[in-house]
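After this come two complexes, each holding chain A, first together with chain B and then together with chain C.
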Partner chain A sequence: MTAPTSTTTAVVPTPGDDDGPAAPAPAAPAGPAWRDRLLDARPVLVPLAAVLGALAVSTGLAALAGATPAEAATALWEGMVGTPYAIGSSLNVAAVLLLVATGFLVAHRAGLVNVGGEGQIAVGAVAATAVGTSLPSTVAAAVALPLLLLAAAAGGAAWASIAAWLAVRRGVSEVITTLLLNFVGVAVLVLSIHEEALLRQPVTSSETLPQSSPLVDAAHLPLLGLPDSPATAAVVLALVGAVVGSVVLRRTATGVRLEAVGRSQPAARRLGVPVDRLRFSALTTAGATSGVAGGVLVASVPYVLDEGLASGYGFSGLVVGLLARGSFTAAVGIAAALGFLVSGGINLQLAAGVPASITQIAESLIILGVAGTAIWTVRRTTRTRRPWWRSRTTGRTAARPAPEVAP
Partner chain B sequence: MIPTLTDLLVASIALAVPVLVAASGELVGERAGVLTMSVEGMMLTGAFASVVGATSSGSALYGVACGAVAGLLVGVLQAVLSVVLRADQIVTGLAANALALAGTTFGARLLLERGAPVPGFSRVEIPLLADIPVLGPALFRQTGLAYVLIAVVVLLAILTSRRTGWGLAVDAVGEDAASADRSGIPVLQVRFAAVLVVGLLSGLAGTQLALSEVHTFTDNMTAGTGYLAVVAVIAGSWRPVGVAVAAVVFGLAQALQFTLPALGVDVPFALLVMLPYVLALLAVAGFVSHSRPPAGLNTAFVRQGRAA
Partner chain C sequence: MTTTLPPAPARENDDGTAAPPALALRGVTRVFGAHTALDTVDLEIAAGEVHCVLGENGAGKSTLCNIVFGSLPPTTGEVLLDGERFAPSSPADALARGVAMVHQHFSLVPTLTVQENLLLGRGVRRLRPDRAGLAARLAAIAETLGLQVELDARAGDLSVGARQRVEIVKALLDDPAILLLDEPTAVLGPDEVDSLLATVRRVAAAGTAVVLVTHKLGEVMRVGDRATVLRGGRVAGSGPLAREGGAGTPGAPALTAADLVGLMVGREASSLDPVLAASVGVVPTAGPSHDGGPEAPARSGTPVPAQGPAQVPAPATGDPVLTVRGLTVDDADGARRVDAVDLEIRPGQIVGIAGVEGNGQSELVAALSGALPASAGTVLLDGVDVTHAGPRRRTALGLGVVPEDRHHEAVVTGLSVTTNLLLGRLHRFRRLGLLDRRAMRAAAADLTDRFDVRTASLDAPMSSLSGGNQQKAVLARELSLDPLRCVVAAQPTRGLDLGAVDDVVAHLRTAAARGVGVLVVSSELSELLVLCDRVHVAYRGALRGPVPTDAPDARDRVAHLMTGAPA
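Up next, the complex of A and B:
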């Protein structure tokens, strides 16, 4: 899927793209200078307007739930940055979102949309727990942690590789397969913590919770050591991941090839780029980073695998990736903002009695606002699009009819 | 009571009806070229609104009206995004689902009391037919709402078949919007209406789930059924009969969750929960059917020369 929210769909015409009407967006070459500047600023202004709109709606909803705007704002602010503890937990959430978003951006550069963050987090967490609970307690942290994170990455990558294989070999849209794999992946997590033969802690009484045994101490993610802050090494890990992703995509031949695949598969194929292999690796990489996110979640307080572990992170990570529009710098900022928003939302529920789902309402409104206004922010929206569930792996794209513009 | 084949069938049909109703709406939408991923959100919103309507008025029929209107409203939102604003249909669909999930969870905290009685529909037995062994109870001991909805589904399939002007218009718009436009079919109106049909039927499907089967609203009570409806359209090769068969298969797969444990078969619950989605994966992977989607599916239409 070429999401119109991405900048990659906007610029270069693909071969076979019959040059219909240029920019459907109201480009105004002869307008006054301020208007030009306003139009150029649209990619920034529109998300900003979407955020403001979402904030306005959320304030209204909070008022409905019985919290005055002042109360809600105070509770939100306290939850976000009120205490070192709040800041630390916000950063931890942001780290998980950034990990998911980093993989999303890599796959998106190759024209793939990874909707399967949640399932990949779940399977990565299961793999990490399997390692983290079976290691002997004498093992050193320098061995245990890398092993755990590797297992998590492998789990997430394996999960995404199912969708990647189906996309490359059978031409099935990765959107629908990663989506369905979410449900299966979460069920795998539930299965593994309900069966003693798998990862469930030994059942000693009827009150034994369906969750895993705690991880060995060596497999706990170290804290960053900030005073009173629960921020873990995950923050550093996520930032390093984003930097590596950014360098690979922007400064290496692999990055260029991925972009070529994302812009036009037939063209990339004609240039000798191994299209199938790159698409497979890109989606698998997305699975790996989401898997690491799952591993990070397990290796943080309370160091057990439980049912709700993956919930919400997959979608929020996707939101970060979509809003970042290909930029890792933007992804870091947006992940941080959403991380603070999620923590603030939890405090909103605790302190002001406003249901925490209000933050998800705000998130989805932002996405609807940004995606819904794409025709004004992305210059070319009418272009060849593959059918949504048969991806263009078979080289049929060139033969497909041109965009649906009446000639 | 030891569950039998009859009980399995009863549960299968009960779970298949919401999938069938939503999928037959989605079929019309996809044939018109609009991929509506927000079926899940429409169902959930419909379920929520129907329970709120039924509890606040004390009338199940009023609940049905609320569920239908709520589904229709999400349909309007999706139609404006997909057809008018030509936004990415998958991204906006998923976002609408997230909005519906968060919105109904939020609304349930404010508007619904735990344990309050929900007026719903009880099962109506059709004399004689319900006594047919094995199949009778499954097919002829449904709620009144279920009978009405099945009639609506059949009516919709007839009205949009290839023998009617409406059906031809829907297919024309979905296969080749530019040609349809040149021959005078109002492409955008047909597509808008098709998405409204998806919204209406999905809202009713959610209502059926809430008022006929579960008799209450719980957070995320559709839990992926809407996605199964979308997949049922693919698995059914964009044909009404195929879609109905796929819906029944998904219903059966879901029903095993409740019937097998009652039979004493020791299968982990989570394996049964994932079964419908594994089947759905196999279906979209093309291991079940090989067919061609409408050519214009998930493609926005813009007429040349019109300022966008």
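Up next, the complex of A and C:
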């Protein structure tokens, strides 16, 4: 019979057999090299664009609040790096964020997302306050500080262990449990500073604030001793924590096992990796570092536990961890940037009369921008996408010879 | 060309005209980074023909499917549909143009009924699902193709063969011009393969161009009109298939099974190990085929185990390394998956478990490896009771496991080759509390060397390896356990190319020769018959048999047991 001509090609191998005129491909996505480079740079460019966009919106909001962009920028800049004092307090904020982020990164390596920084900070701070206010005033700082930080870590870890136990034993999503435990954790803090039987300072008048008594002197975090700077030892502590975390994750068997668990629990279990134990400890470690962050907050000026202590640090630390994408180096940088932004915002309120919450808006916009555009940072094959409303308009039935039509 | 075909009455119509082929690929090339998956591939498929695309794994078959089905754009070259340029932007687009595909892995929602599954994604712009339209279309399909589906059954309750039938019906709902079938027989039992192949013939007879992607020659020879063999992304050869009682198209030599094997592996079929021959299906996997049977080189009246070169008589002495008594596994819903299984493997023995998938083999392996708890019974490893031991302890006692699902359980695809090889024994590479990366790399290099794992770099992620090399890496890890007493290998050759099958089989045999007990679970009966000393059959969770493979009628007896008939 008459087979179409080219289907009679024989058994001979036909490598690179180019069929003349049909071959040139108009749709070849052979883009220029600069375009490839641009696409490869997306993981950096997209967050950068998110930051710039967030700053633009914030500037607009500041203008609405009555500050010209120039005023707002000056106030922000002054508050961020204008004085040694500003730099110092920015660094302190950054240290707290970095502590939370370090724990987040450890848990995240095992595939767990710790959204519970807020509650863990609160419970850690309560534990630290309990230790810091009950120590005798004669105790040495070398004893008091480690005790306080240990108590803070234990508090945060205990708080996270609830979610960890539920995740490991009952399969409950840790995203839900840690998030909800935030509210409970903050409530624990509020309760303990409202009850004299717990941590509230002795009520002497109706004006006694609901907060704890100040910590004993020995439990105060020492300053780094930079001139005019309030930067405390927390900065060093956070950096050491980040270095230790980085080394553990990248250089030890535990780190490799955590990553295996995070990527494939069945395979890790098959290979004898103690999956449940690692997941439990990874999440409690995240709780512990957040707890230490809470302890650091109490052990800094004004050395009391009050209601607003944890507000925002847990979530900002989560942001640092998320944006860092597993890199501790990135976490240090991002924590610093957010730290400066936060203290800049405080000055924005003081100097330019713009509500400090504008920095929170900026921060949230950055998160939304980065999270929402994450899909663009993944390299995908470029293709020409037909709009959905045109997807069924091609008339293939008309073009196709119906088999029923007999000759 | 139609004269050479078995009954295909509806296909007499497209002759005499220079109608463009239903599907044509012209110089299609697809490049992934430095790797060229498809290299200037030309292909033409006429309406009403079954065109088989053959090739080992990694030959580019899947890439080809993905390009035609719109999941991937070609780097260069073009696809023509009925002579018109066809550049689908997505599978939905391809569907709208009349290209349907049945994937190797089923894509039915198990909790929905068959009807709901069929309605999914259809009439998305209508308020209510078009049940009447569906019923009419199903009736038409049932009439022309004889394909029936149980509309009210839950998809998850169907047997594998029935599920695949639903997949095919789903693909046929829109009356596609082209039907792509990607390795459709991989998970089917012999009877189901027969019925699938019959369906394929009927679909083609109704005028649809069928592209059957497979690596099993037996099936190709039974249903194919033409075949194209891919090797390393290039067309190694193509042409009409030889059939009994009919010469090929005049002027073009017809391809025989032996030709195809030669094209696929680049060497003579007669030089193949019997296991290899079995794995490509040169020995038909199902009994005598209905349309005459292929002229397969290794085909003989009786099974081929005796001529296997590596069939060393097993030194079945010594105490059993693996003893299973009354092992029973119930799943979370209380359904009995493994039912009072007894098994005994002595050093040096290779024992096979055959059976259609879903008869408890997976659960049995999971229970043996420690992934699933046993509801009753005992498992003794080298005399030690490990019924309730975790995977780590079993490994320490010398149990190597090659899991069935490579990506799910055997390897962590995102981690490096080195890490995957050594994950279970990281404690040996500690120095000052840190990992000794250099020692790890040396150990991994040694393993990849010994087991011939081809990898660009030891630090490359496992996902960058081909399936065969991944499997070799798994074997390298499991067979290098110290001590090693017993290996449980589930579907060890699934999805592997011929060279890799050869290596995997050789490694298992070597292990047995060293005095290791080997348990192989496979749905490839032919492979088991040549590899094992005796074969059990899994049926509804229980083990039947065993059938010694040197019995002359072993194949028939095993096939008989697989159907559930009494022994």
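Assorted remarks:
The working rule: the second predicted complex is superposed on the first by the 348 of 407 C-alpha atoms of A that agree within 3 Å, B and C clash if a C-alpha of one lies under 4 Å from a C-alpha of the other, contacts with A are read in each partner's own complex, and residues count from 1 in each chain.
FYI, contacts are C-beta pairs under 8 Å (C-beta built on N, C-alpha and C of every residue); 3 or more make two chains touch, one makes a residue touch a chain.
Just so it is clear, the structure is predicted and the values come from calculations on it, not from any experiment.
In the superposition on chain A, A:Pro266 contacts chain C only, with no contact to chain B. By the document's definition of touching, of the two partners only chain C reaches A:Val256; chain B does not. In the superposition on chain A, contact of A:Leu52 is made with neither chain B nor chain C. Look at A:Leu64: by the touch rule set out above, it reaches chain B but stays clear of chain C. By the touch criterion defined above, A:Glu363 lies against chain B but remains apart from chain C after alignment on the C-alpha atoms of chain A.
Within chain A, the residues touching chain B in one complex and chain C in the other are 1, 3-4, 24-25, 381, 385, 401, 403-407.
Residues 1, 3-5, 20-21, 24-26, 61, 64-65, 113, 115, 166, 170, 172-173, 175-177, 179-181, 183-184, 187-188, 190-191, 194-195, 315, 318, 322, 355, 357-361, 363-365, 367-368, 371-375, 381-382, 385, 387-390, 401, 403-407 of chain A are the ones that touch chain B when the two sit in their complex. Taken together, the chain B residues at the contact with chain A in this complex read 35, 77, 80-81, 85-92, 94-96, 98-99, 101-103, 105-106, 109-110, 176-178, 181-182, 224, 227, 230-231, 234, 268-271, 273-274, 277-278, 280-281, 284-286, 293, 295-305, 307-308. The touching residues of chain C, counted against chain A in their complex, run 1-3, 10-22, 26-27, 39-40, 42, 44, 46-48, 72-78, 81-84, 87, 89-90, 92-93, 96-98, 177, 206-208, 226, 234-239, 249, 251-253, 255, 259, 263, 369, 371, 390-392, 395-396, 401, 403, 408-415, 419, 423-424, 426-427, 429-430, 433-435.
Within the complex formed with chain C, the residues of chain A that make contact are 1-4, 6-19, 22-25, 27-30, 247, 251-253, 256-257, 259-260, 263-264, 266-274, 381, 383-386, 391-392, 394, 396-397, 399-407.
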